[in-house]
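Presented sequentially are two complexes of subunit A, the first with subunit B as partner and the second with subunit C.
This part shows the complex of A and B:
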């Protein structure tokens, strides 16, 4: 890995350079909540000043740039008694600025599942290869618990990562593209002083976490507590809306929908983001539902997130961003559910 | 000053022109490309089930498509949907495959209207298979309930093609009523030619039925099983697994010699959509064939 430092002014020039040549997305305030807190999302930007790099957290994660809510997998063209299938991987190069460590770690987890699993996904690979990702550290919001899961720092999955050391950013360069682009601006070698500032910055961030969850032995607890009343308690609250999965940076489960186009000459086969909390997630033709109860479905999501699946070497996939906790209309919060399971209440 | 990102077009990479090989994992392929097939024959089995004979049209794809008993394919009805269907034919048949499909949902209802000559797509084969070689030298007990006979027809074919390698072969088959029994036209051949002890039973008496009535467990009284040298394969509706497997476990058949084939909702067949998860395991990649010990270790399996 190569490290450099860059002044904030030069960094602005650098980002504006990228914006000038490429489609670029960055954090922008899009709304304000009833309690006055700003709502941020990754939006397309046309200049550096449009972005708010001090944003707390975006409502949805950057996952949706790689796993869109809806995406065409293939299409069929019909002719007399026959059809042809066409498969194409369409994506334009783009830049994403300001992703937080937890979001980048989430992508690294998705990489493991979607690029290196049993059947690598060409759709995901195409999007990942065509995205230039710039990460940025931040002071954790009070309800983030990424540190408990070891996702508060990041070592892979980005092109360039910036850590705020006052007047300058300390840059971690993780791709030749980033190295070449940086030749356009003044970026120097870090001095001993910069290194010290970096270590102090990291220490400050590490110590400013307020929320935590106890994950020690959690996967075994989940196994043992499969019939725990905790699931009914929280399952009864669940509204089966699937919001948690939509905002989650690692939820990747999906469904396939096929639609015949108006004119009956062609049809599209699309991947649609799905949620395991939706009622028909595990329902088979004929009507049998393998997870008929709300608690079955809620439990299953926690099982996937904190115990992990075989495709992911049985590692938990939750990164601790608490987006699901914030989005949940029924007030279900992963920290409280886990704390109930660990009997810490 | 140059900040332009070059597009990395994966549509020009070599894998784009090759047919996908679903038997080979961990390589990049067009995961949603189907093999085009033609329906060359339709056998009406019952008022709910039809047997489709599908021939893969492209010769290269037909050669690539090799499966083992117990595996399944994703069957594509363009414009309507894709459904997982277990393969019911002999793994030696390189000309066409046979899929037994029940009219149960949207896609299968459309499929049931299809005529001979219609073009469908398949992806696969996917999933695990029955360890037919490991079973050689032993007796085999195949237990099917209802539509469960469809996935068991592939191992039955295997056994008939290698009959000298196996000792006693029992097929125990239970259905709701006589009209719902599948593949009835083959029973005589299995019994008389292939020396298979086929026992059938129905829950509800029907017109012209002079066979047994009752639950499938009734049939156990009529077979003598040597637990130390018998393999069992079980497939049927979810309710059937528990009492059949418990019975076999009580007889003393080791858990790693009892195999089940499970059914789940599937949208990809490749361990990605997560619709078929049982506990922490993908039915499409690590199943649908599991030994009973694995099943006991899976949460919410049966």
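This part shows the complex of A and C:
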């Protein structure tokens, strides 16, 4: 990795240059909630000033730039005696600016499963490889608990990462593409003073966390508490609405839909984002549902996130962004559910 | 038209309207870009809005509207006797729809309010399923033409008819909307069957449940959430009653 520093003014010029050449997405305020809090999302931008890089955290994660909610896997064309299949992976190069450490760590987890796992997805790989990802540190919002899961700092999964040291950004360059892009930009070698500022910045951010989740021994607590009444308590509140999974940066469950177009001359096979919290997720041919109760469905989402599945080497896949907790109208959030379980144990 | 070399059997359908606004029927004639293809899958034998034919020989009867007169009961019973498959189409047919609001008041007051001096014969509003056996519900106010298309295609090729079981929130989140409950409004999306693409919350209006209940919907929890957000019981009740889609299923 290579390190550089860049003034914020020069950085703005650099980003505007990228925006001029590529489809670019960045954080924008889209709404204000009834309680006064701003709502941000990653949106397409046409200039640096449209973005709000001081944003807290986006409501939905960047996951869906890589795993779209709906994605065509293949297209079929029928003729009288034959059919043809077309598969398209191509994506145009694009840029995402301002992803938070948790967003990037979440992508690194998805990379493990969808790039280097037993069944790599060429669709995911194409989107990932063609996206230039610029990350940015920030003061954690009060309900983030990424630090508890070790995801408050980031070492891989991005092209460029910016840490705010006052007048300048301290840049971590993690790809040759980023190195080449920065060639014509005024960015210098960090001085001793810059290094000190960086250490101070990191220390300040680390100390700013207010929310915490006890993850020590969590995997065995989950094994022991499989039948705990805690699941019913929270399950009774759950709307099985899937909102948590849709906004979560690491939930990757999907369904496959096959649709014959109304003209009967073509059809499509599509991957649609799904959630283990939805009522028919575990329903099989013949109608039997392996998870008939709300509490079962809620529980399995927690098991995947904190206990892990063999598919991801039994590692937890939660990065602690609390997007699920913020999106859940029923107030179900990892912090409280896990603390209930730990108390049971 | 051939599908994979096989000539699919055209479906003989009749479309019938009862008490409703004919909006669902109009949907069938909508979406011009695929209208010809849609019609080529069908043999429409009885549909007042697009054809003057009125044969009584059909496999599928698409029934729009609710039942609010005695003669409608007779006509519907007759249709049921002829149709192999009877489909209730739209919120009025499936749940009673907006018409059902009438049942909250004494009949004679309703007649007086609406028709003044020219009183008419009318009865309490019934769902299609209150009168005859319904084989398939296509909910919505109005129904979505794309959904109707995909159902007809499934019938023609003999595939399973699929209507989402999960709630509107899934589609709403997939549209990357701000939740309108967070904006201070009432939304019935968490208990309502998806399939409309969450059009109302995408337009910043709360869902009123025109597609009826999602499977295993959690009414109690939604009521509690809305109460905690400061919405009063009568306001919540009013939304739940709008299409009569949750009648009998919403425990407090």
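Keep this in mind: the second predicted complex is superposed on the first by the 341 of 345 C-alpha atoms of A that agree within 3 Å, B and C clash if a C-alpha of one lies under 4 Å from a C-alpha of the other, contacts with A are read in each partner's own complex, and residues count from 1 in each chain.
Basically, a residue touches a chain if its C-beta (ideal position, glycine included) is under 8 Å from a C-beta of that chain, and two chains touch if they have at least 3 such contacts.
All of these numbers come straight from a predicted model, not from anything done at the bench.
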- [ ] Would you check which partner chain A:156 touches, where first means subunit B only, second means subunit C only, and both and neither mean what they say?
- [x] neither
Open item on the list: Tell me the contact category for A:233 with respect to subunit B and subunit C: first, second, both or neither.
Closed with: neither
Open item on the list: On the A-aligned overlay, A:252 touches which partner chain: subunit B = first, subunit C = second, or both, or neither?
Closed with: first
Open item on the list: Taking the superposition on A as described, I'd like to know which of subunit B and subunit C A:81 touches: first, second, both or neither.
Closed with: both
Open item on the list: According to the stated criteria, A:260 is in contact with first (subunit B), second (subunit C), both, or neither; which is it?
Closed with: both
Open item on the list: Comparing subunit B against subunit C, which has contacts with more of the residues in subunit A?
Closed with: B
Open item on the list: If we overlay the two complexes on their shared chain A, which of subunit B and subunit C does A:70 touch? Say first, second, both or neither.
Closed with: second
- [ ] May I ask you to decide whether A:206 touches subunit B, subunit C, both, or neither, giving the answer as first, second, both or neither?
- [x] neither
Task: Common interface positions of subunit A, toward subunit B and toward subunit C - done: 78, 81, 83, 260
Open item on the list: Under the definition above, what is the set of subunit B residues touching subunit A in their complex?
Closed with: 1-8, 10-11, 15, 22, 25-34, 36, 78-83, 102, 104-105, 108, 117-119, 121, 238, 263-265, 267-268, 270-275, 277, 279-282, 285-286, 299-300
Task: In the complex, subunit A residues that touch subunit C - done: 30-31, 33-35, 39, 41, 59-60, 64, 69-70, 78, 80-81, 83, 236-243, 246-247, 259-265, 273, 275, 278-280, 294, 327, 329-331
Task: subunit C - residues contacting subunit A, complex - done: 1-5, 8, 34, 37-38, 41, 149-150, 152-153, 156-157, 159, 165-167, 169-170, 173-174, 176, 178-179, 181-184, 189-191, 214-218, 220-222, 224-225
- [ ] In the complex, go through subunit A and note every residue touching subunit B.
- [x] 17-18, 20-22, 73-74, 76, 78, 81-83, 85, 87-89, 92-95, 113-114, 116-122, 125-126, 129-130, 132, 177, 180-181, 184, 223, 226, 252-256, 258, 260, 267, 269, 274, 276, 281-286, 288, 290-291, 296, 300, 303-304, 307-311, 314
